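Take this structure, written in structure tokens, and hold onto it; I'll ask about it next.
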Amino acid sequence: MKEFAYFPGCSLEKMASSYHMSAMETTKKLGVKLNELDDWNCCGATTYFYIDELLAYTLCARNLAIAEKTGLDVVAPCSACYKNMFFTAAHLKKDEDLAEHVNFALEEDNLHFSGNVNVKHLIEVFAQDIGPEELKRQVTNPLEGMRIAPYYGCQIVRPQKEKEDVEQPQFFEEIISAIGGIPINYPLKMRCCGGSLIISSRTAALTMVRNLLQSAVDNQAAVIATACPMCQVNLEVYQQQVNLEFGTNFSIPVMYFTQLIGLALGISHKKLGIGKEFVSMAPTPMPVDQVWGLPRKTT
Amino acid sequence: MTDTITFGQEISNLLHAAEGEPLKTCIQCGTCSGTCPVAGYMDNSPRQIIALINLGKKEQVLESNTFWYCASCYHCTVRCPQEINITELMYALKRYSIWKSRYQEGLIGPTFSEAFVKMIVRSGRSFEPVLAPSYIFSFKAREFMQEIQGATELLLKGRLPLLPARIKRLENFRRMIGRIIPMGGLE
Amino acid sequence: MTDKPETKFEPVIIGFTCNWCSYRAADMAGTSRMKYAPNVRLTRLMCSGRLDPTFVFKAFAGGADAVLVSGCHPGDCHYINQNYKAMRRFHLMKRVLVQMGIEPGRLKLLWASAAEGAMFAREINKFVEEVRALGPLNWTSNNGSKIADHVLLSVVNGQPSEEAEVTA
Amino acid sequence: MDKKDEKEKIGVYVCHCGTNIAGVINVEEVSTWAAENLKDQGVVISREYKFMCSSLGQELIQKDIKELGLTRVVVAACSPHLHEKTFRNACKGADLNPYLCELVSIREQDSWVHTDKVAATEKAKAIISGGVSRVVYHEALEPLHVPIHPATLVVGGGIAGIQAALEIADAGFPVYLVEREPSIGGHMAQFDKTFPTLDCSACILTPKMVDAGNHPNITLLTYSEVEKVDGYVGSFVATIRKRARSLREADCTGCGICWEKCPKKVVDDVFEAGMGTRKAIYVPFPQAVPKYPVIDRVNCTYYIKGTCKACEKFCPTNCIDFAQEDEILTVEVGNVILATGWDLFDTRRITQYGYGRLPNVFTSLEFERMSNSAGPTGGNVVLRDGKTEPKVVGIVHCVGSRDKNYNEYCSSICCMQSLKFAHLVKEKTGAEVYNFYIDIRTPAKGYEEFYHRLLEEGTHFIRGKVAEISDATRLPAEEGKLVIQVEDTLTGNQLRVPVDMAILSAGLEPRHDSKALAKLFGISCSADGWLIERHPKLDPIATMTDGIYIAGCVQGPKDIPASVAQGAAAAARVMGKIQQKEIALEPVRATIHEEQCSGCRICNNMCPFNAILFHEDRMVSEVNPALCQGCGTCVAGCPAGAITGTGFSNEQILSQINGLLLLNVPKKQAVAA
């Protein structure tokens, strides 16, 4: 049984609780254990690096140090948290002075980070550690004919280069096919959702969201799958505001990939936190041939 | 090495991961700007910012909104033919302008960031509601209403926390931060 | 690298390069003006295969703090495969050094192609630092002719290390 | 121990090399130091001079040799690889055996790599003292003279190789021209027009190909590859695999019936760049030289299923020979010219440009074939659907070049190539053409003028590296088009340019197997994979290995004129060598002293060139000087110390070591820094 240290990140406590629930449920079902880090703190989001880089590294290092104690790889479901932790770990490994300074601060919490932690994004656990094949084997309610737009967003594949193709990765598609869905190919799958701009530069962000939704809808997506709470909020919660802003009438559900996997594994909506969406998974106002209803068999 | 540090060097020093002065190697090809999803909203495109820095035009750089528009999507970074980490550069510029507390009027970014940081220092966790005041009031009436609407709906869907989360070892945590920056600096 | 020489211990290192790759790597480092520590003094051989172990011991006996042996990358040897012979001799010499009570870290093997000037410079700097860390070779004779006694002495009185025992 | 009974008279000459050396090393100090401290070594005079390699510098040495009767000379200057010959000749000029002169490098290995002046100066002293101690043990040597075989091996039948072959053949010397493909001609044969004059590529190339094919002095070995190379300048022995064409060339008339009748169509991704098809038995293109086809056994139905044989049935001269086997030839040659050319950068690697994903994105070679009237579209510029003419075409420069993520170098031909494309597109379709460039580089005769011509023709030029090409249409105007996303860096505008066709002006890359080639011929290639020339400015033709020359793109990206020039230049160098009839080799050889040889035969298997033979009768080994390459491994290996290596004897090296360690100078002298 695979086991990982799990860093949920602030937004998964409430704003994206359904991501948390579905992540827990699906991994459990697939025989992967996620142990939530003891007393983790905020990763600093992007904003921290705006103010004080060192402080930002320290915040991430604290979580890394806690994870290191467990001796497990640490998994983050939020792309921003993942990116922050990944690069903090990388830099601390590379730069002794930085590590020394940061560890000096960590002493206050009786912690020390010596760089022996691998940081993974939750989706990597499904794409690599579990793998599409195993996933396929476990599926009980394949999402037959469901047209799913995989939305990678930014910080899962970027900026690392040694990863698979940073421009046209395929692992998300593989996961979707594995659970019986139809991964739709749309040009903006790697584009940015606007991130925190939704607050600081609203119009810009709304435009970006608009373009993304448009691109997905143009390619007949019935639902957009995300792997990041920030993206989910921007793409879903702000849909109505996009509509107000641009006179569009988007109404396309935006689900966490774990929720979709959960459905395919026959986990109940409640356990997956389905029902907290702004745009419900219920049949969406689209031409009949693209309508996708919930699988019958789900409990 | 000249004894007087150029603006370019100042900025390069803020690029933690970088060695030397990467900006100097910019060939002004425009890949970054062409890639940037928000370049249209920036008064100077990322490429122009690099040019301005290399030119030593500190004022112009600090007055521009470019780096506050960066959503750190890293798309420019993975495409730059000179392997300049442009996103990190934008971070660096944000830090620089906050330290010098020099930024364009009416930008939400800086105030929001500071509010966010203060919040973390207090609780160790993020708590959306306290953030609102930092930006909400700068919104125009319509935006304001929309935000409130969105927020209430989130609340109803049980997606907004009512009480701020706190970490357990908050005291250690704050002392830890104290070793990095004097509390006064932020409180 | 070498600021305030009076404070730091500056090791003297004798380097053996082959005519085809490593000597040209050194030239390349020069033509591209890469900077490295001035502690290494190079001798040119036609091929690292020419390296007679005596040269190395002689260098140590003569007061060198370390010896660098360099040649073409395995498979790139101008003489087909003679650098493999250099490699074998290198491992042999390391053992002998141990028996003579000399830290094996004072002998370094470095493969460098004609294009690897940068690498050559970098490695030399690394090596110089390593040797500096080891400190001066505590064999104080500047008379090469005494080598025989030295070898003898060090093997007899010197404390051969464990591997020396197993190999001896 | 370093000293010999009768004292040598040694002269030491320290070069300033302008400020190259004197800028870091205190030359005067070094020179005086040598005079004082190396006296006992036999140093009778020590001088420093601005440029030792200048004629004045050399005369200085010669004068001293004559007047002071020097018996040894040590020059401290640049690397021996640069000026060893210069100073040896200088000595020769003064009747001192050239091998009694030693050049030690205080530039490449001292002044250029060190900043600490004191340390550098001390090191220079050590280096010189090493040279002095060494030179004491030098012996007067005579260079070995080996005859030069008049034949030449030219590898690669592109324009550079053809040019080289023709030059040499016309001079009356035999040439073996080896080409991997079934026909010579190389990339140039694929092109339609050539910049800047726009004359038809085939028209100017074909005559040369025919000449090469018919030349009495040229042995054409197409569909062949060099597998092994032994020997050294003057007498290389190359082993060449002549792959089976599966037909008897003697009987074949090249009538073409076989490939008419062949039922098996194959996508031709070599000559047609995947744009067209050929048969399983084929000649790559009509003007192919030689005219005989080959059977591509991977795709031929007969070799797959064992049936068909259509070609055999219809061949009027029945020359088809399915059983034919590869031939292995060994040829002896005096010199080698490598002209193996380039591969096209694989544009798939830049995924954001969509090649392979978006049908109407084309590579430069694809466009060359498309615009070629003999090509798959009969010279019509059309979209992938094969009929629609584009209204708007975008040409992307620097694809895969000038980009640290792919190739850092500039491929140097892409600008002109793109301009040519722009012109052809406009000419053939009248479409609007956009050039997206970082810089326009037109540094050759008539190139800038061509650029101006394009400007006048109204081609649009947008300065900006294309960020991405996508089908992410947003505005009505973009419907069904490709959108090229780029910043116009001159105005700072973010552009979305809708085009029907995008052409990627892909860069040139070294042949995928260039490293293997370099290894095969024992020469070095750069990190990029281009072969390294002897000197980047003064000797771009020769390599570090005597007798092996490089021409054309194998040395780095270049256009046709430059390739032709290099081919001719290489030929000239080779002919010069051949004319000398024989060549002087460094007399660096191993010799075995019979009386000391115990006949243990350890050295015998040590020698990679089998230069050591064993005399059963006398029970001693002997070195064959013609085969010995002078590596010296046997010298180091001989347990009896019976082998000496001329030029690198134990005495020489051991005393150089003493010198380097300053054991040969009065004690008080501090060791470097």
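When the chains are written out, they are named A, B, C and D in that same order, and each has its own residue count from 1.
As a working rule, a residue touches a chain if its C-beta (ideal position, glycine included) is under 8 Å from a C-beta of that chain, and two chains touch if they have at least 3 such contacts.
Fair warning: this is a prediction, and the values are worked out from it, not measured in the lab.
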Shared chain contacts [subunit A and subunit D, defined touch]: B
Comparison of C-D and B-D (more C-beta pairs in contact): C-D
Subunit A and subunit C: spacing of chain centres that average the CA atoms, whole Å: 54
Intercentroid distance (Cα basis), subunit D paired with subunit B, Å: 50
Computed distance of Cα centres, subunit D from subunit C, in Å: 33
Where subunit A touches two or more other chains at once, by residue number: 161, 167
Multi-partner residues of subunit C (at least 2 other chains): none
Residue numbers of subunit B (touch at least two other chains): 40
Subunit D partner contacts - residues on subunit C that touch it in the complex: 2-3, 5, 10, 12, 14, 20-21, 23-24, 26-27, 29-31, 33-36, 38-39, 41-47, 49-55, 58-59, 62-64, 75-76, 78-82, 85, 89, 113-115, 121, 142-145
Residues of subunit B touching subunit A in the complex: 14, 16-17, 37-38, 40-41, 68-69, 71-75, 77-78, 85, 87, 91, 94-95, 98, 107-110, 112-114, 116-117, 120, 124-128, 131, 135, 139, 143, 146, 150, 153-154, 157-161, 165, 167-169, 172-173, 175-181
Subunit C-facing residues of subunit D, complex: 1, 79-81, 105, 107-110, 112-116, 118-120, 122-123, 126-127, 130, 519, 522, 524-527, 532, 544, 588, 606, 608-609, 629-633, 635-637, 645, 647-648, 650, 653-654, 656-658, 660-661, 663, 667, 671-673
In the complex with subunit D, residue positions of subunit A that touch it: 161, 165, 167-168, 186-188, 211, 214-215
Residue ranges of subunit A in contact with subunit B within the complex: 10-11, 13-17, 39-42, 44-55, 58-59, 62, 87, 91, 95, 98, 104-110, 154-155, 158-159, 161, 166-167, 190-192, 194-197, 199-205, 208, 237-238, 240-241, 244, 276-278
